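Read from first to last, the chains carry the letters A, B, C and D; within each, the first residue is number 1.
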Amino acid sequence: MTSYKHKVQYYETDKMGIVHHSNYIRWMEEARVDFLEKIEWSYDQLEKVGLVSPVLSLDIDYRHPSFFGDVISIDVVIMELKMSKMRVGYKMINREGEIVAKSESSHGFLLSSGRPAILKRDFPGLYEALLTHLYSEKESI
Amino acid sequence: MTSYKHKVQYYETDKMGIVHHSNYIRWMEEARVDFLEKIEWSYDQLEKVGLVSPVLSLDIDYRHPSFFGDVISIDVVIMELKMSKMRVGYKMINREGEIVAKSESSHGFLLSSGRPAILKRDFPGLYEALLTHLYSEKESI
Amino acid sequence: MTSYKHKVQYYETDKMGIVHHSNYIRWMEEARVDFLEKIEWSYDQLEKVGLVSPVLSLDIDYRHPSFFGDVISIDVVIMELKMSKMRVGYKMINREGEIVAKSESSHGFLLSSGRPAILKRDFPGLYEALLTHLYSEKESI
Amino acid sequence: MTSYKHKVQYYETDKMGIVHHSNYIRWMEEARVDFLEKIEWSYDQLEKVGLVSPVLSLDIDYRHPSFFGDVISIDVVIMELKMSKMRVGYKMINREGEIVAKSESSHGFLLSSGRPAILKRDFPGLYEALLTHLYSEKESI
């Protein structure tokens, strides 16, 4: 799967002259939304069929600063897929090939009623699509 | 009415070392929300009684930069009050008494059905409250 | 010149279910930065040669809401080019061809010393490039 | 030490009707900046004396959604204080006493030259002040 590309905007920088750390959390969402679109389960469509997917937790390691005008490539993999949850991994790389950040986020799957969805039963197509992109130990992220 | 105070956050600065200009638009909203709360018609409550108030237009003059840690005082007045619209004026001043920005925003009043509300008829209490804060030529904003 | 495209992100929406109005100000910057890059005077490069260009004022008309996943095309023209200032115009259109917003922004040209630049004298190449994209009455924006 | 209070703004909500998860990362910064101010080592002042403190990593657990108008109390403690690093802990509580989020962030201490600062040696006053707020096992965060 091709990487998601984010071009760093002026408004994302701070007075240190680099990208403010909060923006990487937004890039994770951009890349996740793009990933779902590429596997043909766009987030918009998921919301329409009644699946809500709140962020439960996240963690991020900042390795290298990013600068205005940089183009950051973001790779997304499914780290773990459970009954009503998934964990997503992200690797962000600049044009020089440097890792600028590595991160993970956990997401619940809820029905619009607020009850947990059983992904395999309630959305088998999405389940299968996510499974295809499940990270295996052999890969290097 | 006491001014709304906004304390400038680090994440609001950009690589020029000053507040990014897009944040002032958010401060206008903060001050407007605070103003409505002070006249006892909180925006949250307005949404609950079925009044939607989209921003129709805005303009802003940036007079002086703001910096991390600055406390900006924002005065709000109703510039114009029409059947289904209002125009709000803002004056933003730093602790040194310098005007950092002056701006205006126009807002529609819609019923949750999407049809324009007739403010005086549909929400007479809000209409009266806004009228009290209508800018008169004699005042200096 | 090809339009700049902005894809609407989830984090740009608000509880009304549409794009928060403050984001359009950021898209104006994105489109302006892209425009400068296309005429081969990237903003990054301008800062490196000692030209600072603060936003002096802006105004915007919101015509139609935007939604998560929308792709907004933004056309940029130079409305006015003065000795130490320019006024930029923007037209934002969604995929259905609806104008979502029209706006303008004014920008000063300063030397890093803080003194106004005389664009034609100090940066003749940039001056010529901007002149090429000066809006003429015959065009429709 | 009194908690930092953040009032939830309209522009911080998303189309789910709740606060977008990226904003909590900004609230951590707000609370951290406020904490440093309360111990009389404001971040602004630190930058002036040549101490730079980039965010190295962070993690956050989202426990309960926040809504427009909520007032979130944020408690800050120093979890760990090393030669050139610290780890900060945050607990965010709404007015109903519910924990909305718990998080941690790690920060480096660099001299403006880019070399790691030895906090105890280079900024002994700051070191002592931080030590006073070091989390002890007996406390409950």
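By definition in this document, contacts are C-beta pairs under 8 Å (C-beta built on N, C-alpha and C of every residue); 3 or more make two chains touch, one makes a residue touch a chain.
It should be emphasised that the depicted structure is a prediction, and the values quoted were computed from it without experimental measurement.
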item: Pair sharing more residue contacts (C-beta pairs) when C-D is set against A-D; value: A-D
item: Chain of greatest Cα-centre distance to chain B; value: A
item: Centroid spacing, where centroids are CA-atom means, of chain B and chain D in whole angstrom; value: 30
item: Separation of mean Cα positions, chain D and chain C [Å, integer]; value: 35
item: Centre distance in Å when chain A and chain D are each reduced to the mean of their C-alpha atoms; value: 24
item: Per-residue multi-chain contacts in chain C, two or more chains; value: 10-11, 22, 26, 29, 68
item: Touch list for chain D against partner chain C, complex; value: 10-11, 13-15, 17-18, 20, 22, 68
item: Footprint of chain D on chain A - complex, ascending; value: 16, 21-22, 25-26, 29, 52, 54-62, 65
item: Residues of chain C defined as touching chain A within the complex; value: 9-11, 26, 29-30, 33, 42-44, 68-69
